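Each structure below is given as structure tokens.
Across the two complexes that follow, subunit A remains constant while its partner is subunit B and subsequently subunit C.
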Partner chain A sequence: MMKYIRILLIFSLLLLSMVSWADNKPLDSESIQIIVNAQSELTQLNRKQIMSLFLGRSTRFPNGKSTKAFDNKIGSALRDNFFEWLTRKSISDIDAYWARLRYSGRVYPPKVIDNLDDILETVRQNQSAIAYIRQQDPEQLAEQGITVVHTLRKR
Partner chain B sequence: MTLPTFDLFVWSIKKLRTCTLLAFCFFVSLHQPAYAENSIVEGWEFSGFGTLGYAQSDKYDDIILKRNINQRSQKIEDNGWLVDSRLGLQVRKEIHNNWDIVGQIVIQEKVDNSVENSIEMAFLRYQPNDAWSFRLGRMVLDTFQLSDSRDVGYSYHWVRPPTEFYGWIPFSHYDGFKTTYQLGDFDSSLRFEAFVGQTKATVNIGYNDGGTSFNKVKASPVYGGGITWEKDDLTLRAYISQFNMSEEIAAINELKAFTNNPAIQMYWPEAAQIADDYSFDGAKILYSALGFSWTPKAWVVQGEVSRVDPSNFGTYEGPRAYLQIGHRFGKILPHITYSRSWDNRDYPYDPAPPTPTPTLPEGTFEALEAILVDNRLSGVVNQYTISVGLRWDIASQKALKLQCDRTTLYDDSLGIYPTPMPVPRDWQKDTRTWCSTTFDWVF
Partner chain C sequence: MQFKRLQHYVLLIMMANALVLSTLFSIIAYQINQRLAEEESKRQVHSLLAAVRKTASAAIFSENEVVGWDAVNGLLGTDVIYSAELESFSDGVSSGMKLSNINKEGGAPLPEIKMELESIFDESQILGVLRVTPNAQWVKQRTNDTSIPTILGVILVVFISSFASAQALKVKISHPLVKVSRKLKHIKADSPERLKLPDHLKLNEIGVLVDGFNELLDETNTAFNIERRLRRQMQEAQISLQFAKSEAEGAAQSKSDFLATMSHEIRTPLSGILGMLGFALKDQSITPRTKEYIETALSNAEALLIIINDILDISKIEAGKLTIEEVDFNVRKELNAALAIFPELASNKSLYFDLVVEPNVPEFLVGDPTRIRQVLVNFVGNAIKFTHDGCVQVSISILPIKNDSLSENTNLVCFAVKDTGIGLSPESIPKLFQKFEQADVSTTRKFGGSGLGLAISKQLIEAMNGTVNVKSALGEGSTFQFVLSMSIGKATANAQIDIEQTPHTHKLHILCAEDFDTNQLIIRTILENMGHDIVIVENGKLALEQLAEDDFDLVLMDGRMPEMDGVEATKMIRKGQWKDQTIRNKDIKVIALTANVTEEDRTRYLAAGMNDFLSKPIDETLLHQVIEDTISELLEQGQFLNPLIRISTSELDNLFAVPSEETIPDTSTEIQSMPHQENDTLEKKLHITFINSLPERIIEINEAFEAQNLEELGRLFHGIKGSAAYLKNQALVDTAGQLEVLADTNNMDKAPSLYSSFMQQLKSYQTTL
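The block that comes next holds the complex of A and B.
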């Protein structure tokens, strides 16, 4: 009986210690845009193609050009929403998926960029870049040499 | 003098570790001038994973819960928090466009917890294009579906992968060479893998601490290959590998020293033959496995079947299987698993003759026979477990898990969970229930 009490006690302590880490972010109602450099010559990508590129299954655009995906901050609402809307799976399942690939040495997840300005700059400077951002004015993005190839919305 | 082809092959494998170190130094030295304006430490990616857990390893007096046979039985019995707790640190650096190096060290309870044996990965990788990848160095073994990530608790939903399937595997990494060829499109992908190398591990089969209860196992060469097909939520995987054991273990050496006694050989020559049949040195063990993972919507369904075919007697043998079904409800994922390992082998040798007294002390043959018969039990995993568990993703990249395992161990099934019973151990079919909890995270 003491063993059960001990195991429950440890479990409860772990829970209490983690409460402050719990994120209560509400789901975003905005759209999320998937963007590439205008010189990639892409005008649109479908959901399956985007999923392959952001889950490390493909490293080339449909036109054959090499690509490199960039991610947003781990734990951010934008990242959670992006992967959940894209894959229809929990962000925890996506993180578990990446944990398996990364720590078996097989594939590394997309490099994380913390803020919007740096993401836009990276896509502007890099013809092979693909990233995602909160909804912006497509015309303003086009003026910066950035093309919106897909818009994700909450289902 | 010409070396036989196989010996040459083995010799080449043994040289691989040296080659890896040299290659590593070569590329680091190449890297320095290319980034002369930066620090040598710049550009490294640091990440890691951890598990803090507690398991009821000492709940019963007659049998102890273990995660795997690399753990020290008595240490685990006394410290339930050591069963699943571990910390992994990983580094990676892109040296050049197509080259990178990866290193990983995992700190956890095991017989040989030296730094050298705790390094799970230290390899150099060359990817000339999207299809091909070549690795040289130390890599995690991926003989079975989860064996390359079984230390990464966050990556699966159990507290630990099914013990019937994964608990008996002594090896976690190998030093060698691996190549991967991948093809596919946005719809599906096909990956072929082949590896060759050498590996070693130290195991504690049985309850006793130290001495001949700690056994070093070595295999050289080890080689194998597999194929993985992925499409949407479905992954299918087939793998086959062969381990050529290249060194005798301490317990068998001790047994052979006894059976080679001239007096024993004169009156019971079969005893030496039985000890030889148990021998690891020169044995070949074939592992084959088929696995799948299917994750439609919020469901998780995964399973695997495998076979172990050794050329020697008394080590792990036979089929294994598990099936897990789970469903995610937001941050909570309850799951249930059935895992089974079959081994119905009998002791196939004739009974010992009466001890020739007074040449040998009374009871000598009876005692030796008891040891020979008992030795078989260390390789028997004839049991099944029904596990019920809960994963709660409490925050980003952090999960709490609770799991209870109800295991039925058939007669003689002492290959993973040890018993403090003295030889001859006499385990009769019985059922045990253990509960465990872990906190898993990645960073």
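The block that comes next holds the complex of A and C.
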């Protein structure tokens, strides 16, 4: 019985790892772009400023304009990479952080938008929005009225 | 001081020690526990801080007060922390916040612990600080919680170990000590018992102590044994000394006895010599030259007698038999008599002799005249002996009394003999009074003498409670003096000394028992000179035979005789019976003739029933007196005595084998010249005595007649007959004589008329005066 359970457990773990590997495929060769509405007049944000905005420390841009960050799907490789590359912490730390804050009932994590098009659309239409995407051609983005204020790469 | 047991003392010390130790341990333990509690609180604080760190960091990072309060209150949720403060620094992004709270449970702060909080996502950026103060109360509580069991444990352990130590000490030290000390109380040095301890207790100092004590006991025991042995030896020595002493005393006694016996034995023949020499001197037929020889012999014999007497005195003194009389005596008369011979002796040496009696000396004193006389004679004799020219002076004086204790009646009488003789050297004076010592040995050669005189004198003076002293220097004469304390005496009749030796009125039939020939001769001579009838026998047995055969008026009995001595014979006389023979007159007067007249002898003689004593050599005057007394006593009793018929001189001469000559001894001359007038007065005196005694006699005769006691009647008639004969009443003599015969022959009832006429005669005689 015990033996059987053990075998079952090992098998299921193997299966689970195969699934996550397939889903969280690292994007080593890629970079992540932090984008804002071009009308926000922002051209550049440093990593620290980006952190404050995405991790709930600040809700304003350095120019004093109110801002709202949007997140990608939780568990996606993009999101994992983004936070890991941004904070140089594991994604579990980030989740724990948010868990703590959420526990207080006052601070909430950024709103999650599942697909890239929705993200681009949100940023295009909202001057205070800030979000991150997989690397795109900045020229194309600029045509859509989106400014890339920072690009994150794997270190 | 109360006795304190060592055991308790040890326990007390141990417990005190335990108290100190446990207190000390408790303090240390408390300190340690406090430190530990502090550490623990720090550790807990740190771990709490670590636990809230992320929350706090998150709160600071997100500037979220709610989360911040969560962190702060989360810290304060435990009582380890007293206060907590979360501060975020204001920077470009944050405006800063400060959240501070204290534990609602209360307590007190300890030094603050600070933790810097960096940004969660950038460790290089310090965003704030979390400050907490640990709670002192928690530390205290924690310390107490951990300390109390520790302290209790320590106290328990220390006390138990102390008690155990005390017990161990008790077992190891105080118990053996108690044992030893108890034993010590009862152990005695001379007992074989020793202190004992079990071996396991011996291997320490107590063991050494016990061993040491046992050794000491052994030594003491040895010492005791030695002492006991010494004591036993001493006792043995003492016993043998005692034995030696009693032997020596016995020897001394034998010596004294020997001296006494020898002196007596020597004196007896000596008295013979003296007596014979005395008679020889009275012999007129001897030539003057022979007389001179005899005189020399006499004086030598007298000197010998004095020496013998001295020796006898010494032995008496040594035997403690010396007795001192206390009689009244006439001082001047006694001294004159005592010193009467000395003027002549002194004049022989051309010395001046003087006797001075101070007027304040009482006429009569109480003392022992014989002993005083003896001492004075000795002193004067010495003075004359050692003085060649000058004088010898005897003086009697009364010394002033210094001592108040003496009674009024007592006088200190000083007798001094002073001479101008050769004197004495200072060295020789102390030796003077020792026995057999003279001033120096040459003195003995030159002057002779026994050397006993002064020793005897000193002893006599001391026996009279007197003191003697000598003042002298060589060549300047000497003064010997002695002082006696004597009380004033009463006048004495002294009739005996004054009385003139008158011839006896009646003739006595005298029996004399004496074994020594010369003495027999002397007594016979003296008594026959006095005109008495004498029978001499040689011992007590013969005397008793004579007394059974014949009627005697007087018995003179020598003390020491062969076969039967005087004492034994006298006892038989008084008994009235000897063997199968009856003593005719058991009430006869018995006079002891003896050389040894000690007090003891006197008592012995009196106890045997003797009436009086005469010492030998016999003093004629005293013997005369005794016979005189006997005659008057017998006459008074109504004894018939023959009037004295004078013995003729020739008869006496024959008896002594003296050639018959015209010369006659003085005594007989005196007897012949007896005055008749005196005889008459005596007769008258007897007559009165007879009449005075008559009423009593009549009563006696009546009583005897009533009782028909013929023997008594015979004796009474005999008495009357004797008296009547002396009174020359012939009628009464006849009647009494007839009645006596009737009574003796048991025929009294045959002549009642004779008896009544006799009684009538007696009664009528009463009125004749």
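Note that in this section the second predicted complex is superposed on the first by the 127 of 155 C-alpha atoms of A that agree within 3 Å, B and C clash if a C-alpha of one lies under 4 Å from a C-alpha of the other, contacts with A are read in each partner's own complex, and residues count from 1 in each chain.
We take it that a contact is a pair of C-beta atoms (placed from the backbone, for glycine too) under 8 Å apart; a residue touches a chain by one contact, two chains touch by 3 or more.
If you're wondering where the values come from, they're calculated on a predicted model, not measured in any experiment.
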| item | value |
| --- | --- |
| Subunit B versus subunit C as contact partner of A:Y108, first or second or both or neither | first |
| First, second, both or neither for A:R100, with subunit B first and subunit C second | both |
| Between subunit B and subunit C, more extensive residue contact with subunit A | B |
| First (subunit B), second (subunit C), both or neither touched by A:S58 | both |
| Touching partner for A:K89 - first (subunit B), second (subunit C), both, neither | both |
| Footprint overlap on subunit A, comparing subunit B with subunit C | 48, 52, 57-58, 88-89, 93, 96-97, 100, 103-106 |
| Of subunit A, residues touching subunit B in the complex | 3-4, 6-7, 10-11, 14-15, 18, 21-23, 48-49, 52, 57-60, 62, 66, 74-75, 80, 88-93, 95-97, 99-100, 102-106, 108 |
| Residues of subunit A defined as touching subunit C within the complex | 48, 51-52, 55-58, 86-89, 93, 96-97, 100-101, 103-107 |
| Subunit C to subunit A touching residues, read off their complex | 54-55, 58, 61-64, 66-67, 70, 93-94, 120-122 |
| Residue numbers on subunit B that touch subunit A, as the complex places them | 45, 47, 49, 52, 54, 56, 59, 88, 90, 92, 102, 104, 121, 123, 130, 135, 139-140, 142, 148-149, 151-152, 154-156, 184-187, 189, 230, 295, 297-298, 328, 330-331, 393-400, 402, 435-437, 439, 442 |
